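So, here come the structures, one by one.
Each of the two complexes below includes subunit A, the first together with subunit B, the second together with subunit C.
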Partner chain A sequence: MSSRGVKRKMASQKASLFKRITKHHLFFPLVCLAVVLLANVIKTPDFFVVSINGGVLYGYVVDVVNRASELVILAIGMTLVSAASGGQDISVGAVMAVAAAVCCEILSGGAVSTGAFQNPLILAVLAALLVSALCGAFNGVLVARLKIQPMVATLILFTAGRGIAQLVTKGQITYVRVESYKIAGGYIPGCPIPTPIFFAAGTVALVMLVMKFTTLKLYVEGVGINSSAARIVGLNSVRIQFVTYVICGLLAGVAGLIASSRIYSADANNIGLYLEMDAILAVALGGNLLSGGKFSLMGSVIGAYTIQALTTTLYAMNISSDQLPVYKAVVVVIIVVLQSPKFNQYFRSFREKLHPGNSVSRKEEPSS
Partner chain B sequence: MEETIILSMRGITKLFQGVKALQNVDFTLRKGEIHALMGENGAGKSTLIKVLTGVYPMDGGEIRLGGKEQAVTIRSPQEAQRRGISTVYQEINLCPNLSVAENLFIDREPRRFGMIDWKKMNQRSGALLKSLDIGVEPTRQLGDCSIAVQQMIAIARAVDMQCRVLILDEPTSSLDDDEVEKLFQLMRRLKEQGVGIIFVTHFLEQVYAVCDRITVLRNGELVGEYPTAELPRLKLVAKMMGKDFDDLAEIESLKEVKKEHEGETPFLEAEGLSSRYIKPFSLQIHKGEVMGFTGLLGSGRSELVRTVYGADKPVAGTLKLNGRPVRIDAPLNAMMKGMAYLPEDRKRDGIFADLSVRENIIIALQAKRGPFRPMKRKEMQESADRYIDLLQIKTAGREIPVRSLSGGNQQKVVIARWLLTDPEFLILDEPTRGIDIGTKTEIQKLILQLAEKGMSIAFISSEIEEMLRTCSHMVVMRDRQIVGELTGGDLTQDKIMHVIAGGEAENG
Partner chain C sequence: MKKKKQLSDTSFLLMVTVGLFILMYAAGMIVFADKGFAKPQMFLNLFISNAGLIVISCGLTLVMITGGIDISVGSVTGLVAMASAYQMEVNGSGAYTALALSLLIGLAFGVVQGYLIAYLDIQPFIITLAGLFFGRGMTAVISKEMISVKNETFLAWAKYKIYLPVGTTNKRGVFQPAYIYPTVIVALLVLIAVAVMLKYTRFGRRLYALGGSQQSALMMGLNVRRTKFYAYTLNGFLVGLGGFLFFLNSCAGFVEQAKGLEMDAISASVIGGTLLSGGVGNPVGTLFGVLIKGAISSLITTQGTLSSWWVRIALSSLLCFFIVLQSVIASRKKKSM
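After this line comes the complex of A and B, so read on.
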């Protein structure tokens, strides 16, 4: 055996590893995140510098991870909804506002501002979560049972949700000026890590556990890919889609409470504003099809962090918040093009060229 | 009647990825003639029509129009329409949210000063509808009209566009008897005006009610063209199915002599069961029996088994399993009672294209176990591997998406899925359609082996030979009801075709 044979074998091993990596479903989402982070480092060299300031972690990267928490939580719900129903829930931002309004209103006992809890915190939180789950159930009935297009069905709460929140708070911004209410959006005393990060991590872990100990993933994917076949194998596609909407509503409620805790108030007009679009984008950036079917939760989570990193970068570049969408759009266009099937085709043929012969090429090689 | 040929197709050949969908087919249409195009599924009827209307380019052959020497090339449906060839499909291609008149004149509205001349449009529509004796107001919204009227309006539109060749592709499948009769009157009227009509249908009665001539296709080849009067029903069925009575070979059955089930409680017993899609039927299937369901396409074979399985909701009647009455109104009920159903349309109702082979195999069992008892990874892998091995599924691995498998292997995956649920009653609706001969034989053998072990099986196939080889008992269907049951010595191609063809032959 010559060393050529060995070399070739090594080359093909290397190639297959290269291929395995590039073919992994998280490859593109991670590349996108890396690109955005790289841009950050170039623009702000101290991006990854984390210092302790006043007993808490401080730095750009901490800020990104902290600020992304609500988006991560929303993106998880959005992923499930997209996978099962092939459509998106655009009411999540409004549901966040409803949850915040319900919680703050109960805590303040109907007053505009309060310095002490008028009702137990646990009651307020449970009520807020119940209401948000009900919002999800409402969407779920419209989509799963009445077969209304998800975008149209959730448009109802998208427009009405903030109105409902205003009704709950009687058109005021309700403040809850109690230190313990600020914990969820701030810091646990003595802990340097911002609390929202725990909420996001906890939610991801919980949903992962649910997927491990139930058949949620298989059922959702089955219904999303072929609801007709799903019915034949005994799956109740109505119930499954309904459940994903309830989960999505519930998670929107959790995100709403965190957002409300950050500003220790219920601002019906601004909590979760435009966040539904970021959540949908996170799902898409995560390499998930918005038309339903197979999904990757981790992909959406990475997508959420990518978006927040991007937003932070733009702020760091002194771009004002009203110009932000323009720059975001440009980046989004680039990322979406990178993930398009056509581009992937080019990428694949490029990969073939780089390592010819290690996979069956359909094209005939011209004889030299 | 004058014999002016208005359409002549010669030697039409069409390949799909090297497979011949049409091979050297001739078709001739005369002026003022209603010409039935007959054939079972996959015979090439719709391919022929799509070639004629420019949907598919043809790979060989010539089309001549209006008796001219010059052959024409039709590149698109629009071009076909310009040359006077119009098609009315089963699903109506009109706009339900527009008025009747708008639909009639869409894309060619009469104009005045660049604006649509509504008055003129409605007037002309009214005249057109009247001339064809279609009683509907031009201003009515199309969606409010019955399907039959909508179809007639589609035809009226074609007529008004000076069509000489009118293609009706299964226009009657969603019409009731009265509506069909109205449609026939319209067809006869057009015939008098000299329009040549190509009529595609699965209903034999209708062919004999209106058609002058019949062209039969089978497996992409021309069987022949016959005047209706010279081709009795029975012969037509034989031509479509590819069996001439002269050379009906005796088929040697692999199966054992039929077991006696007298006195035994049947495994499954249906009494007057019906759904929206099938008339009431009664049925008994015994343990270890392979029951065949036959009949032409649209006869209700699939609808019958779907009702038993709960895929179509039963509206009346009772079902007993092992002598005990059960209520099944959803597939999951049926699965819990030990049923399994391999649907006819593998792509639409069978496979989950993007899921892996493993997931496709275990999904029914997992659905049966419910959401809180997920199968262990190891159990899933072992189950998948066992059936990949047992059914010799050719796949690059259990984790690859099932869509990358060939049709036959996809079908085996669906079979594996159901075998894994360990059913007592297995319904197989066209399990061998569109798959290679080798796999076909394997599936037939498997059916006999399963029955041997005591599984009851309902088997539907368009190939009578295949059913004769495997079934111990056969039910014949026509017009969405059971019209005959055959068993033992009566199970011959000859007898079955008699019952399928119906009419006087039924009692013979």
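After this line comes the complex of A and C, so read on.
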């Protein structure tokens, strides 16, 4: 009898381990990533092959990780904004264009194309980051102080942003044809790994450390779950929301600079185009609620890589860039429907109808 | 005291809008008098070029009164134009089929988005953002090339001029009557129908109740989900119709068409006094919002030296001004209560 009891105990432990894995907040995002990658392996067997070609790493996976860098950086900012305000910042793509325009315009000294820096690089980068942080602050004031719906408030810069960028570059595409400007979007001489990967990894590490060693994460979640309760407990919810928008703007600026360095120019119409959608999608795919509250940065990062893998896959299937939104839209709808509490409720009641006796197994387990 | 409060709520915003439009147009008439800004035809052109936008904005106003939003209207318009053009030119069907197809596409978007928003409680912004991308992508799936319409019935509709008794005499003394297209009449009829529906029908009042407070509306015994669903469905239908009117104006389908139209429609509604938080709004105000947008773009084109992106910047700053104004009014109202 004791052996039977032990067996049962082991079985239940096994079940609980399985459940713990499936219930983990990173389970769903990782499954999505795995599905996309597996689909690729079936289609192109050498998907995971990484070779060194001309002194730099070369391969599908490297390409996906490299191209996803801007998206990862944006997704982090978007996660914070979503968590704190329960809304999304849809102006990030436009802010990227503004940052790129400011940087390139300062570097070229107002000319359309330049072969040498007209002003110090550090000045241009700082100015671009300052402008993007200001854009974030503008959104932050509208959302946090004036209590305007985040998406509507950021709609202003979403439309005006590219116009402002055009204004800065005087309606042209400003080229900066200097080798050292291409480093951020290309390769550091002698290093086989593309530089954007370092930027993405650095940003992720920095923000995660800040979240780990300060109370910011707790505050952001508190404000996101219930901002008036957070205020009553003594949190300055206006300032916390404002700070998340400034961070989001700043990160969008960083992403804009990388994107601009890739093409060594400032193309106000195309830098960061539709990237806000991808960033929102990454946040949702990462298992974060778009309505605010608790968040997982790692989830968003995994989500960003999943989306880039999906994009690369679709391109490989000869789907043109202007048809791509159809597939992404379908993915978004599926994710938000799966996430919606109402759908889960319907699904549960449907399952109960099928197996009336099964309801015991759904009993909530005490989770750590 | 009571009267003043009533004024500050809805009429104040509407008055600001109407005043701004008159001011803007009067300024244009004085500054650009030599460029024909004072002609009646110039004023009617505002309606002609924005007929589709008027209908779309009316639909959006309905949704915004319930406290929701729809940002897919621009790409649905593009899709409607492209699908109709494809249907007429490639599949060779008539103009009536194209019209039916347009309404059907709009309705389908309205039903699907409405269902997901009303019955699954998903944020309207996310769903309609997906709708935006779906519509734009589908347009490219149908055809990446521009399709110009050569269907005779359709062109007859598009080119049919209705002359009005007002007009100007040209240099040779010949009277030139001002004209409008049938699209303007359709747009104004829709506007009146929506205004009457909002003010005098049960459904219209339900929309206001829903936007004012969803919780109270629910407790009052109102079927919140169904009302919301109908609002999005009606909006979808109006977008289909507005898209067709827009298409009558452009007579072609191409991928980039009506890009950013959602922004114009939202800003028209907001400038016209529709509160983003719901519960307040009026299609007449929206009409003036559309006219202000039209006036800005015709002022900038008449001026000649300013680039086209100034229209967007001017419109965005105006939108920003009105949003801030609304938020100030809302916070003052809260304090006075």
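Brief remarks follow.
Operating definition for what follows: the second predicted complex is superposed on the first by the 325 of 368 C-alpha atoms of A that agree within 3 Å, B and C clash if a C-alpha of one lies under 4 Å from a C-alpha of the other, contacts with A are read in each partner's own complex, and residues count from 1 in each chain.
Please note the rule applied: a residue touches a chain if its C-beta (ideal position, glycine included) is under 8 Å from a C-beta of that chain, and two chains touch if they have at least 3 such contacts.
Just so we're clear, the structure is a prediction, and the values are computed from it rather than from any experiment.
Of the two partners subunit B and subunit C, more subunit A residues are in touch with C.
In the superposition on chain A, contact of A:61 is made with neither subunit B nor subunit C. Of the two partner chains placed by the overlay, only subunit B lies in contact with A:235; subunit C stays clear of it. By the document's definition of touching, neither partner reaches A:263: not subunit B, not subunit C.
In the superposed model, A:316 makes contact with neither subunit B nor subunit C. Once chain A of one complex is fitted onto chain A of the other, the partner contacts of A:121 are absent, as it touches neither subunit B nor subunit C. In the superposed pair of complexes, A:215 makes contact with subunit B only, with no contact to subunit C. When the two complexes are superposed on chain A, none of the residues of subunit A touches both subunit B and subunit C.
Contact residues of subunit A toward subunit C in the complex are 87-88, 90, 142, 146-149, 151-153, 155-160, 162-164, 166-167, 171, 274, 277, 280, 284, 290-291, 320, 322-330, 332-333, 336-337, 340-343. Residues 69, 71, 116, 119-123, 125-127, 129-134, 136-138, 140-141, 144, 255, 260, 263, 266, 276-277, 307, 309-310, 312-313, 315-317, 319-320, 323-324, 327-328, 330-331 of subunit C are the ones touching subunit A in the complex.
On subunit A, the positions that touch subunit B within their shared complex are 212-216, 218-219, 221-222, 225-226, 228-236, 293-294.
Across the complex, subunit B meets subunit A through its residues 311, 330-332, 335, 341, 343, 348-355, 359, 363-364, 366-368, 370-372, 374, 417.
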